[in-house]
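The two complexes that follow have subunit A in common; it is paired with subunit B in the first and with subunit C in the second.
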Partner chain A sequence: MVGTSAEGARRACRESKVLAVGAGGIGCELLKTLVLSGFEDITLIDMDTIEISNLNRQFLFRKKHVGQSKAEMAREAALKIAPNAKINAFHGNVKGEKFDVDFFKSFDVVLNGLDNLDARRHVNRMTLAAGVPLVESGTAGYNGQVTVHRKGETECFECQPKPVPKQYPVCTIRNTPDKPIHCIVWSKDLLFPGLFGEPTQASQENGAGEENGAGGEEKDLEISTRQPGQSARDYGATVLGEVYHDAIARLASLEDMWKERDPPKPLDSSLITAGLGKVAKASSAGGPRGAAGESASHVLGLTNSHAVWTVEESVAVFVLTIEILLEHHAAKIGMLGFDKDFDLSVDFVAAASNLRSFCYGIPQQSKFDVKGLAGNIIHAIATTNAIISGLIVLEAQKVLLKQFSDVMTTFVQHNPTRGRLLQRIPPQKPNPKCYVCSKAMVRLEIDVKKMTLGQLVDEVLCKSLAFKHPTVLVGPTMHFESGNDLEDDEVLHYGKQRKKILADLPGGPIAHNALVQVEDYSQDMSVEILVQHKVFEDEGSAEFFAVHGEVKGREEGEEGGGDEEGGDSDDDDLCVVVAEGEGAKRNDAEEGEGERESKKQKTLM
Partner chain B sequence: MESSSGRAEEGGGLTREEEAILDRQIRVWGVDTQCAIRNAKVAVIVLSSEPNLSFLGTTKEEIHRNLVDMNPRMAVKVLVSSASESVGSGANALDSGHRGHVTAAEVVKNLTLAGVGHLEVVFGPASSLDLAAVVSKHDVAVVFGKSVVGINRVAESLISGGLATTVFSSSVRGGCGYAFLRRPNDPAFSKSTTLAAALGSLGLGQIHRPRKVNKMYFLLRVVYAHEKSGGGGHEKGPSLAEKDAILSLAHGEIPEENLRPPEELVMNYLETEEEMPAVSAIIGGSLAQEVIKAISGKGELMNNFYFFSAYGSKDSGEAKVEKLALAE
Partner chain C sequence: MSSIARGRITQERKRWRKDHPPGFFARPETNDGVQNLMKWKCHIPGRKDTIWEGGYYPIGMEFPEDYPQKPPKCRFPANFYHPNVYPSGTVCLSILNEDEGWVPSINIKQILQGIQDLLTDPNPNSPAQTEAYVDYTKNLKEYESKVKKQVDKFPPPF
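And then the complex of A and B:
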C-alpha cells in the first residue's frame, strides 16, 4: 500500500462501520483483530451455538459457553478486550428477513467468515445489491484464502464455479457400493433414519418401507417392527439378521446384477453369535450400560476411536446401540437424525457401515474416520484462522482507504512455494458469463414433460441457483411467487401450481425454448432462463437437469483432496443421497474457464 | 505464577475429552502430532518490563487465568523478572491506546489452543533477564522484542545455555515484522548463522543469499547497524526521530542502490513501536505453525528468515521465507 501508514490505517478503522458475518473459527479471530485494530462499530451475525469441538480454535469461547449463542458470547468476550467498542450481535440467520438490502447498505464493508456455500452466495448477492464491498474468506486445515469483491470492478463470489456437495446415485448406495463412503452414506441416510427417525426424502422414495422392486434391483430393506414384549437387544439382533443376512442373501441371489462384479456375502451366523456374546459379556460385567451419555462402543471397552473394529465388535456395537437408543432415548425414536455430536448415532453409523463394507469386501474404517466422513467434518486449526483474520483486516483497510489498486487475493499455505507462505494474485475482473453480477442468461436443460414446477423451484432455483424467494414468470403469466407476504389464497394457489408439470402449466407453459424470468426481490436478483427440453436417459444418475452458465462447479474431490474444499465448517452436508430422477447436475464449468488465471488457484469455500 | 491443574503427563494417548475438543485439528495433523504437541515444552520470552499480553491479559495473574481457562490441561507458568514485578496495571489492553505485545499474545494463544502441554511465558528486559534462573529446559523457545541486538543476545543465551535447541526470534513494529530461526544442531541449518551475523557482523558480500531478497532484510541490516552504533533504546529499538541517521547509514551499509530499503518501508518501521494487530495475527499464526512443525517434525520449517510487511515496498504482502547464511 503506497502512502499508507499504521496510523492512517487505524484512523480508517475507527471511522468505519463493518459487518462481520460468522462468529466461528474465522469469526472469533476476526473480531479480535478488528477490535485490536481500532474498529469501533462492528455488527456481528451468527446463527450457531457453541459446541465442544469449537474450543480448539474459537478462543473467545470456553467450555462453560457450550450451547450458547456464538454471536452473543463473541461480543461479550470482545468487549473485554475493547470495552469502548460498539458491537451489535445478532443470533440469527444472515438470510433472515431483517437483514435486507437496506441493512447491508448501512455498512462500509462486509467481512465474511462463513462456513457454507448457501450463506456465502446470499451475502454475495446482498452486497452486490447494496453496492458494498465484500471481503470473503475461507479456511480448511492449513490452507485458506481471502478475496475482495467489488461490484463492477472485480469478480463476484459466484463468478467462478464453487465445489458443491458430492452426490451419490441411490442405486450405488443401495445395491452396489464399492467404497467405504457408499456404505457410510447408506447407513447414515437410509438405515439410521429408517430405524430411528423420519426417513429422508431419498429413503422415503427409495429405501425402507417399500416392497422389493422388480427388474433385478433390491428396492428396500425389509425391517420388522419391534414386537410387544420383545427385548430391545433381541430386536437389535433381529434387525441385524434381516439387514446383513437376509437382505444381502436376497440381493446376492439376483444373478443378473453380479455378472461383472462379485456378489456381496451375507454375514455369517457365527460372527453374529460372537458379537452378541460380547454384548452379553459387557452387560454381565455390570458396566454403565445405557447411561444417558454413554455410547455402545465405550460400554464395550472400544475406547480407541482410531482403531478399526473387528466384525464381531461391529456386531456388538450395532446391537447395543439399538438397545441403548430404544431403552434410554425412547422419546426421541422417530425423530432422530444423524448427529456427529451424538455419540450413539456415530457408533451406529460406524458399526452399520463397517458391517456392510464387510459384506461387500470393502475396507472397513475407524470410528474417527467414519465420523469425519458422515459428519462432513472440515479440518480446522487456529493458526490458519488467525492468519486469515489478519489478511481480511488488511484488505478491508485497503478498501476503506480506497486503495483499490493494492487489493489482492491471497492464498495461505502450509509450506512455502518459491519461498512464499502467502501466494497473492490480483483480483479478477467480473466474469461476463456470471448470471449473478453480469446478468448473463442461464440455459437450463430439463425434461419439461416430467419436471414439476415444485421441482423447478426447489431443486433448480433454490438449491442450484441459490434463490431465496423466487418469482417465476413466463411472459405476463405469473406461475409462482414465494415469500412471507403472500395471502392465504395465494399460498394455496401456488401450492397447487407446484404439483403441475412444466409443459402443462396454464397460460404460458414452460416448454422447449421458453424464456423464463426469475426474480427475487429479497436479493434484488433477476435472471432470464432459456429452457431447453431434454430427456435424461440414465435414471440411475444423480443428475436430472443441467444448468449452463457460471453457476456451480466441479464436485468436491474432483480436484485435490475433498478436505481442502470446505470452509471452516461443522455443518455443511457432504454426503447426499440423491434419489433416482432427482438432484442437481453441475453446470458445464469448463466453458471459458481455460483463460481464467485464478482458476489455477484452488478456491476454498 | 505456576499451574499444572490439568493433566500434562508424558506419554500415553489422548483422553476422551481431549479427542472431543481437539477433534478438528487431529484431523489435520494426526494423533501422533497431537501427542507430540501435548508432550512439548515451549517458552515464550517477551523482552519487556511490561507483562502486557494484549487480549490475553495485562497482569501475570490475568494472563495465567486466561491460559488455564483456555486449556486446563496445560501446565503453564507466567513469570515476570523481579526488576519489573510491580509493572502491569491490570487495565484493559486498549484502555490507554496501548495494545501490548500482540504478536506474542497471538503465538501464546495459538499454542495454547493447539494443546501444548507445558508453556512458560516470561517477561523481562533483555539487559537484566537472568534466563538460567527463570527458564527451564525447553524444546522450543520464541523470543519477542523490539531491539534486534537485544533479541539476538537472549536467543544466543538460550542456545549456549542449553535451554532450548530450537529458538525463534521475532519482532513486529507497525506493519513490519520478521522471524528468524536458530537450530544449530539441525544439519539443514547453519551452525554459525546467528541473527546478528546474518544482519551484519560480516559484510553483505559474505552472506549467502537468494538473488532477490525481501526488502525487509536490508531494512533490518540497517537497523541492526544503527543499534550497534548506539542508536535506539535498549528495548524499544530506534524511533522516527532517528530516521535521517538510519537513511544515511543505509548508504554506507548497502552500497548497491537497488538493494537499499525504500524510504517508505523505513518510515513504516520507525513510525511506531506499536504492533499492527493484523500483521501480528499473520506473523503470530505463521510462527505458531512453525513451532508446531518444529515439535512434530512434519512440514517444511522456515529456514531461516521470515519477512512480512503490510506496505511500503513492492514485496509487501508476501510472507517470504529466505535463507541467509554464513559460509560454514
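And then the complex of A and C:
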C-alpha cells in the first residue's frame, strides 16, 4: 500500500463495520488479522462448536474449549488481543432468518471464511441482494483463493459453475473397479452399511453408491446373517469368505464381462487361514482386546497408519473389526455409517477395500490414505489459511477505500508459476448468463398471511412485473405454472394452488425472507424475489404490496404492461407501490383477470 | 438448491411442455399437493412391434444438486425385469454414467428414448441383475415370456 494512503487505510479499518462469516480454519486467522490491522467493529457468525480435530490449526481455541461455540470462543480470544474492539459473535447458521438482507446491509464489507458451497451461495445471494461487497475465500491444502465480488462490477460467486465432488459409476463400483478409490467407495457405501447400518442413508449421503434399494442391496451383496450361537469371530470369517471368495468367484464366472479386462481372483483360503491365525494370536496374547474404544489394528499391533498392510493383516483387521463391533457396539449395529473419526469404521474400510483391491489386482493403500480418500479429506494447512486471511484483509481494505481498480483475485498455489506462489489476476466481469447475478433481484413487501398465490401471480407478477406466464418456485417446489400447453389436471391443480394463502403453501411457503424464483418461458425472463412480510395497516384503501429494485432483462414494448405510467425505470431505487381498494381483503376472490384492474392505482415514488 | 440445476430443469420442463414424443409422460412429481422439481415421474411406452409393446413402464427420475454436470438417477420399480436394471430398479446405461456417455446437453427426451431403446436392445456386457441376464443369454424363450408377462403389469396409465 502506498505511503500516503496508509493513514486512510488505518482509518478505513477503524471506522468500518465488517461481517466475518465462519470462525474455523480461515476464520480464526482472519479474526486475528482483522483486529491486528485495526478493525474495531467486527461481527462473527459460525454455527459450529469446537472439536478436538480443529485445535491443530484453529489456534484461537484450546482443548478446554471443545464443545463450545466457535464464534463465541473466537471472540473471547480476539478480545485478549484487542480489548477495545467491538466484536459481536453469533452462534448460528448464516442462513437463519435473523440474518436477513437488512442485516447484511448494515456492513461495509462481508468476508467469507466458509467451508461449504451451500453457505457460500447463500452469502453470495444475500450480499448481492444487499448490495454489499463480498470478499470470498477458500483453501484446500496448499491451494487457496481470494476473490472480491461486487454486484454488477465483477463476477458473483455463482457466475462460474463450481467443481463438484467426484462420483463414480455404479457398475464400476459394484463389478469392475480399477482404482483404489472404487474399492474404498464400495467398502464404505455398500459393504459397511450393508453389514452394520442402513444402506439407503449412507449411500445417498455421499452419492457414490446410489444403489440402495433396500431389498436389492442385501441380495446383491449376498451376505448371510449371523446364526444363533455363532461366535462373532466365526461370523466375521463367514462374511469374509462370502464376500471375497464366493461372490468374487461367481462374478468371475460371468465370462462375457471379462472379455476386455482381467477377471477378479477369489481370495485364497490359505491367506484367510493365515489372517485368522493372526487374530487368534493377538487375542490369546491377552492384550486388552475389546475395550470398547479400541480398534482392531491397534489390537493387532498395526500402529503405523502409513504402512500398507499385508493381505493377511487386512484379513485379520477385517475379521477382528467385525468381532469388536458385534461384541462391544451391539447397540449401534443397524445405524452405523462410515465416520472418519470412528476408528473401527476406518479400520474396516481400510481392510475391506484393500482385500477387494487385492482380488482385482489394484494397488493397496495405507490406512492413512484410505482414511483421507474415504473421508474426502484434504489435509488443511494452517499456513495457507494464514496467507489467505492476510489477502482477505488486503482486499477488504481496497474495497473500503474504494480503490476498486486495485482489487485483485489471488490464487495461492502449491508450486510456483514463474517464480511466484501467488498468482494475481484482475477480477472477472459478471457472466451475463449467470443465473444468480445477471437477473434482477427484487425485494417485495407483501402481507404473506393475507395474500393468495393467485393475487401474487395476477397483481404482482403479471401486472407489476410484466410476466406473462410465470412459473413460481421456492427451492425445489414448483407452486405455480400457467400457459396454454398445460394438461387439464395440471390446470386444475394450479387453480387450487391459486386460492392458497402464501404463508400456507405446502412444501416451501412464501413467508418472510423466502426467496421466490419466478421464470417466464414466454419471455425468457427470470427474477429472484426476496419476500418481506409487511402488514399494510390502512386496509380500506391502502397499497397492498411494494416492489423495490430494478427488473432487468425485460423486453421493451412487451404487451401486458402498459401501466408503467411515468415510470422512470432507470432509477435504481425504483419503488412501486400499488394501491388497491377492497380487493386486498378478498383473498378468495375468483381469478377473473380484468375485474380488479379498475380498482388499482400505481404510484411511483 | 443449485440455481443452475433449477434453471436447467425448468428449461427442460418448458421444452417438454412444448413438445414431447407420443406415449411418453414426464413431469415433476406431486406429493401431498407439493410439486417437486427435482423428482420427476415418467412413463416409457414399450416400442411397437417388439415384445415390450403395450407396456407403459413407470420410471422415476431424480436430479442431483449438480445436474446437469451429473446425470439424473433413473429408476424403475424394484425388481423390474431387464438385464441392465439393478434389483433396486436403477438403470445401468452408459449415457446415465457421468464417466461414460453422460454429457450435460443430453435432455430428458433423449434419456427416456435412450431407455426405451435399452428395453428392446439390452447390453449383455454390463449385466445388472442375474435373473434377466441369465435368461437373456441362456434361454431367450423364457426371457421373452417373462417380458411379456411384465407388459401386463404395466397397462396404459391413462
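As a convention for this text, the second predicted complex is superposed on the first by the 403 of 605 C-alpha atoms of A that agree within 3 Å, B and C clash if a C-alpha of one lies under 4 Å from a C-alpha of the other, contacts with A are read in each partner's own complex, and residues count from 1 in each chain.
Here, contacts are C-beta pairs under 8 Å (C-beta built on N, C-alpha and C of every residue); 3 or more make two chains touch, one makes a residue touch a chain.
Everything numeric in this text was worked out from a predicted model, so none of it was measured.
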Which superposed partner A:Lys98 touches (first subunit B, second subunit C, both, neither): neither
Partner chain(s) touched by A:Pro169 [first = subunit B, second = subunit C, both, neither]: second
In the superposition, subunit B vs subunit C on subunit A residues touched: B
Which superposed partner A:Thr477 touches (first subunit B, second subunit C, both, neither): second
Contacts of A:Asn84 with subunit B and subunit C, given as first, second, both or neither: first
Touched partner set for A:Lys402, first subunit B, second subunit C, both or neither: neither
Complex contacts: residues of subunit B adjacent to subunit A: 13, 16, 19-29, 31, 54-55, 69-70, 92-95, 99, 102, 106, 109-110, 113-115, 174-175, 210, 264, 267-268, 271-272, 274, 276-282, 284-286, 288-289, 292, 299-300, 302, 306, 308, 310-312, 316-322
Partner subunit B, residues of subunit A touching it in the complex: 1-7, 9, 29, 32-33, 35-37, 52-53, 55-57, 59, 62, 80-84, 141-142, 298, 303-306, 368, 372, 377-387, 389-391, 393-394, 397, 406, 408, 410, 414-416, 419-422, 424, 563, 570
Complex contacts: residues of subunit C adjacent to subunit A: 1-4, 6-7, 10, 13-14, 17-18, 27-28, 30, 32-38, 64-66, 69-70, 73, 75, 78-79, 86-90, 92, 97-100, 124-128, 137
Subunit C-facing residues of subunit A, complex: 121, 158, 161, 164, 167-172, 207, 210-217, 219-220, 254, 256-257, 259, 435-436, 471, 473, 475-479, 483, 485-486, 490, 493, 496-497, 506-508, 517, 519, 521, 526
